[in-house]
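In the two complexes below, chain A is the common chain; its partner is chain B in one and chain C in the other.
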Partner chain A sequence: AALNDGLHSQVSAALKEGRVAPTELCQRCLALIKSTKFLNAYITVAEETALKQAEESEERYKRGQPLGILDGIPIAVKDNFNTAGIETTCASNMLKGYISPYNATVVQKLLEQGAVLLGKTNLDEFAMGSGSTDGVFGPVRNPWSYSKQYKEKSVPKSHSEDEESNWVITGGSSGGSAAAVSSFTCFAALGSDTGGSTRNPAAHCGVVGLKPTYGLISRHGLIPLVNSMDVPGILTRCVDDAAVLLGSLAGHDPKDSTTIQDDFKPFELPNLTDVSKLSIGIPKEYHAPGLSSEILALWSKAADLFKNAGAKVVEVSLPHTPYSIVCYHVLCTAEVASNMARFDGLEYGHRSDVKDSTESMYAATRREGFNDVVRGRILSGNYFLLKQNYEKYFVKAQKVRRLIAKDFVKVFRSGVDILLTPTTLSDAAPYTEFIQEDNRTRSAQDDILTQAANMAGLPAISVPTALSERGLPVGLQFIGRSFQEKQLLTVAKWFEKQVQFPVIQLEEVKRHDSDVFQHQKSASFS
Partner chain B sequence: QRVSVEVLEHLEHLALVDFRDAEGVERLQKAIQFADQLHEVNTDGVEPMDSVLEDRWCLYLREDDVTEGNCTKELLENAREKVEEYFVAPPGNIPLLKLEERETFLQGS
Partner chain C sequence: LAPWVPVVGLEIHAQISSNSKLFSGSQVQFAAPPNSLVSFFDASLPGTLPVLNRRCVEAAVMTGLALNCSINKKSLFDRKHYFYADLPAGYQITQQRVPIAVNGSLSYSLCIDNKMSQMVTKTVRIKQIQLEQDSGKSLHDDTRSQTLVDLNRAGVGLMEVVMEPDMCCGEEAAAAVRELQLILQTLGSSQAVMAEGQLRVDANVSVHHPGEPYGVRTEVKNINSIRFLAKAIDYEIQRQIEELENGGTILNETRAFDSKLGCTVPMRDKEGKQDYRFMPEPNLPPLILYDAKSLPANMNHQQVINIDWIHERLPDLPSVKRKKLVEQYGILPEHSFTLLNEDGLAEFFESVVKETLMKPKKVIGWILKDLLSYLKQHSLTVKESPVSSFLLADLLNLLEKKEISSTAAKQVLAELWKGEGKTPLEIVKEQKLELLQDQKELEQICQAVIDGHENEVIMMVLG
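Up next, the complex of A and B:
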């Protein structure tokens, strides 16, 4: 078995048939994590516990009693999910040294199915950002920066300029998770998605990024950003794997009262061959200012792909799309102001040495613990929640939110099954270029194509589509109806098969895994 | 229209987070300006939306039965200052120093 195998089709089979042992798989991933340390994808590597979990998995396989398809599979988890006994930092000074006393429900579910938790991945501080550049542990580097495909296309400006200054961002805020999956150090990773934080890095790193319907997967244990929009996100190398992860995580959780009570039935994705009954909507407002001509062309090509295969492709309108970022800005900062109030240094996390009074200790703790981005959002949020501003900003934004959600309902009611849009405005920017603008500006620009799905609570998935002229991944996004993940993923899988996105050619992986280049197939396997 | 010093101070007090410098204040000003675009949208007759799941009534009250707990030890583990089974806080009921009394860049503006 190779590290770039699809979980569903190959690795699980290999484990079951004894062609590879869980401990071997775990060790190879750990070794690769070490040699790709320069990516800065992981904040914590839980080597000892991972090996122990792998050993236990191996015992189960020997007895012929694996817990399921995820047994023995190495996975990574974004560092804003609580993991018992393992440090959970949210890439912030506020939680440095915080050892979670419990597992987030999604983490618990993965462990109960035998998954091997390799470690916690890097992110923007408290998941605020679209580059994975604003955490206290430093930025995450996109593995594609070191790929043959990117290097071939980049022209160094001088002899001294090398990969060090040329590297591109992963996107964010789940950049560490995306980089981990993209560089083969794990088979799947958990991210979170509030404004696009799973889909954005998925698109930039050439992996599949699924944002499930709000209410489908438990948020218990996910350190909250915006309670009404957050969802755990799933990052994998192919759509089938995303369906497997979804199957193991979805369902009502009594510990999260915002999860729906309906029974969730895990599904296997059919191999769609006939798309003639499908109606694909192309929302014209997603031709947003700043959309690169390259991505526009790719989007158009994808629409043609569906059309030529017999699907009905129609232009639709989601008129309030341009206001989703402003709306998000107000609602997000308001909920952040509330959610960050728990960090006061008393029960957990960083605590300042100031001890004159409770309030001065709280104020100093928060000054020392939070970065500018977080503090800025807290202050803005408090402004919008002031009595004199509440109606004008917060309630107003809630009304606009309804209009945005209604736009989608109207379009889906008109017979459209799935919407097809770009995921990002362009391919990944070089780090040096990205940091020229501040976090809020960047987030506002980058979230424009992904945010509305969070506003309306709809499921959405980014599928790697093609390489840009610079040799970097570009993804396209599908948005589906509420709780219709099966249809969404079925269409995504069909698309994935059509586009045959190339496998990343990484020197590091080559050294560790000689099988990788023996099968030069695309990341999708049917 | 710029935010008054009174409101700035009030915000710092409410949030227990400081602006730190003029840049921080400028950031707020820009955030407000950005948010003002909301007023371009006509929302007459539109109800505010609290949750996308409003049609599903999934927020429910459960029975008041104790299902878990007795984890005092785990909960105290992450606290820096504790005495026996108490979290220790500095003295309360002491308001944050007033604007004139504490060092803040706001005095300059």
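Up next, the complex of A and C:
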């Protein structure tokens, strides 16, 4: 029985009622992490501290004084968030072994609410990429590669081929977090989203990926990629859980001058039954080149779902969408060049042994510390920021960015409440296929459906919709108005209920069968 | 030979007097143990963000108002990129596009031909004032081939004041900087002590013939005092003139002033033509300031800065103080300059005037000649004076009441200077310096002298 009004407690209730202890929950997650090690979702597993946190949580439950709904809940954090005392690497040689002295605000908030931090998840180096394949700790494997659903559908091309070479990517750059949530090793994970880095892997891994409005959640402690577009992202197994996480993280942070001042009121997600007052916009430009026919069909089906339920579904236009990739490329690389300037080996992180001069030490450190992707973006960014190029590229891109943002404003002003679009062009590609093209090409292709929301600072969420013909997850994206997360998540929740996305069937999870994971369509904690 | 017109402009960096740094909460303090005042942000730890210090903005607004600038109600922050050991983030946060204040002016006075009695007032235009971060300090240890980096200073707030090239020589530049220093100290926006690096001046110098376009300019750095500023500029002007008259050319370069040799030399660290790749600082929203008119009704006053409110509370600037001193006390303008030039001297003077019967016009002589020369001789500041304003006032009262002669007064002052705790009256009694006031007593003494020297008197009477 739910003790607090409105919380659809499953694990939370179980914890509160003593049906499962926080330490037990933590241990099971840690064991599952061990047996799913081949996914390479975690860079660091903070076993000792997690167990300690779980013990402390247990004490609180025993005293009848839990800190809240998150108390005792195991979570994972992408390795580009600062965690005091736990290594933060950004999957880069530059920060291998770097132990930050402070917690990112979002991490601090989670810990203060009693969440149990299991570890740091894998990503593309410095969050640059759309596959989670370009970090120094190797690529992340999509748990669905090992699912019954995928294995049933995959036809081995030859005898020698086995699971090993068939595995598919998670998408990126928050692939580790998405895989961690998808494989049940944690109940929620933090990612980051600059051009789609939370929504993209969420879609490929069959989990919910929320990108909040820029300025709603503090970026203090999130190692930046593009300061004007980055947001902390939330990955969960259901929309309700995302709402709970959002409620615990949103709000003004004096340490981050880009967070809004207004008070944030955490909300309960209503169970929407009547969508007749809703207006759903279908932006025609999101029928992008390369969009698989499968996803196109799914998108169309989803639109019909809303229409048949009584909602108003209209085609809209965001005319500057085709320019967003180039615009993003200029602004992103320019900021990257600037943000990476601090990595010189002097104060922290990797320092080269080259000692001839300060300059040579800097140069060697940066060559040794950064991978090709990072260095490529730094070089591009510096080029665009040169005095003679600044107007032509940077300022021009800022102008185009404003046009892209205005497109959304116009559409929302015309009476549309929410936009419905695909999240990705196709389902997850096999790793061997994905790496045929370079990072830049892939990013340019894969970001197209997601990065306009970052340019405009709007909230967006990817909801797992259905399985593809290959048995892999496909997600659809909802984009909402600035700071209207409640409306966005309400619609997303309604949609989630309609589509009833199947639970992943993983051997490893079955083996660690527990009451917690049983009897649930999608194991959630709220 | 055609005359040369030297042109001098200045870029002045004044450290803001505040408890904490411009964008972080670490303390601002001179000469603290190395790397003891460094926050995570100052060390550029990844993920840290700048948070603007209100006090620093107020200091810049005050300074802008005092220099007759227009305060920009909206100003922006930018990143200026270059790699150097004392710049942890690889960029400095500054205001390149839209600074906080623009288009002001500073009036300063000069003595003509070193005669204090002939003062002339000049004006230099202030191009702009911008807020920016100070860098850390790097010390090059050549013997061990290493560089030692101290980040205590990294991130301290600076006001960069840009003075247009309206000056013509070292003397003018020195006078302008001196006046700026006094203004900053009066406002309290900067302590402006050059020796402690709180005021740093770079000079831009060029020469040209009248009617011709401006010549190539050089930038002169590493100037540690106002005296050296004048020397460096005058040297550089001479050097450029000689170079050009010998058929050479002036390079657009940065030169360092060598105070030991008294000359400027090209700087070793030739940055060349640096492209700073300016970019807006994305973590700081535009800085919005309000005035009485634009202030929204329900705005929390703790969250905003009201330019008019600050303007109303500006203290009297040096020029105003001088005028008041002249008007109130009837002293000469050049006296008022000297009074303000010495920290605490004007207050000392006013204190003495309050406590004494002597007229201010007479008091000023004692202050500027006697007291000040003692202080200078012993290298003491007014605050360190062994003679307090009360003691001096007492002494001057004795003089004014004709209880002692002025010669005797000087003697007493010399004694007071020893700081042995005696009052002027005690010293007068000790050394029997009293002037005789009693007529009868005087007659008796005179009579006694005459009586005691009969022969001499007879000689005198006989002629």
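As a working rule, the second predicted complex is superposed on the first by the 507 of 526 C-alpha atoms of A that agree within 3 Å, B and C clash if a C-alpha of one lies under 4 Å from a C-alpha of the other, contacts with A are read in each partner's own complex, and residues count from 1 in each chain.
FYI, a residue touches a chain if its C-beta (ideal position, glycine included) is under 8 Å from a C-beta of that chain, and two chains touch if they have at least 3 such contacts.
On a predicted model such as this, the values are computed, not experimentally measured, just so you know.
Peer 1: Does chain B (first) or chain C (second) touch A:Y362, or do both, or does neither?
Peer 2: both
Peer 1: Answer with first, second, both or neither: which of chain B and chain C does A:P254 touch in the superposed model?
Peer 2: In the superposed model, A:P254 contacts both chain B and chain C.
Peer 1: Quick one: classify A:I69 as touching chain B (first), chain C (second), both or neither.
Peer 2: neither
Peer 1: Answer with first, second, both or neither: which of chain B and chain C does A:A337 touch in the superposed model?
Peer 2: both
Peer 1: Applying the document's definition of touch, where does A:A104 land relative to chain B and chain C: first, second, both, or neither?
Peer 2: The second partner, chain C, only.
Peer 1: One more residue to check, A:S380. First (chain B), second (chain C), both or neither?
Peer 2: first
Peer 1: Residues of chain A touched: more by chain B or chain C?
Peer 2: Answer, by number of touched residues of chain A: B.
Peer 1: Pick one for A:Y214: touches chain B only (first), chain C only (second), both, or neither.
Peer 2: First partner only.
Peer 1: Just chain B (first), just chain C (second), both, or neither: which does A:S228 touch?
Peer 2: In the superposed model, A:S228 contacts both chain B and chain C.
Peer 1: A:L346 in the overlay: touching chain B, chain C, both, or neither? Say first, second, both or neither.
Peer 2: A:L346: touches chain B and chain C.
Peer 1: In the superposed view, which residues of chain A touch chain B and also chain C?
Peer 2: Touching chain B in the first complex and chain C in the second, residues 101-102, 228, 254, 257-258, 261, 337, 344, 346-348, 355, 358-359, 362, 382, 386 of chain A appear in both lists.
Peer 1: Note which residues of chain A are touching chain B in the complex, please.
Peer 2: My answer: residues 98-99, 101-102, 214-215, 228, 254, 257-261, 320, 323, 326-327, 329-330, 333, 337, 344-349, 351, 354-363, 366-367, 370, 372, 375-376, 378-380, 382-384, 386, 392-393, 395-403, 405, 440, 444, 456-457, 482.
Peer 1: Quick check: in the complex, which residue numbers of chain A touch chain C?
Peer 2: 81-82, 88, 90, 95, 100-102, 104, 219-224, 226-228, 254-258, 261, 334-335, 337-338, 340-344, 346-348, 355, 358-359, 362, 382, 385-387, 390, 394
Peer 1: So in the complex, the part of chain C that touches chain A is made up of which residues?
Peer 2: 40, 43-52, 79, 81, 83-85, 88-91, 145, 147, 149, 275, 277-279, 282-285, 303
Peer 1: Would you mind writing out the residues of chain B in touch with chain A in their complex?
Peer 2: Where chain B meets chain A, its residues are 3, 7, 10-12, 14-20, 24, 27-28, 30-32, 34-35, 37-41, 43, 46-53, 56, 58-60, 62, 71, 74-75, 77-81, 87, 89-92, 94-97.
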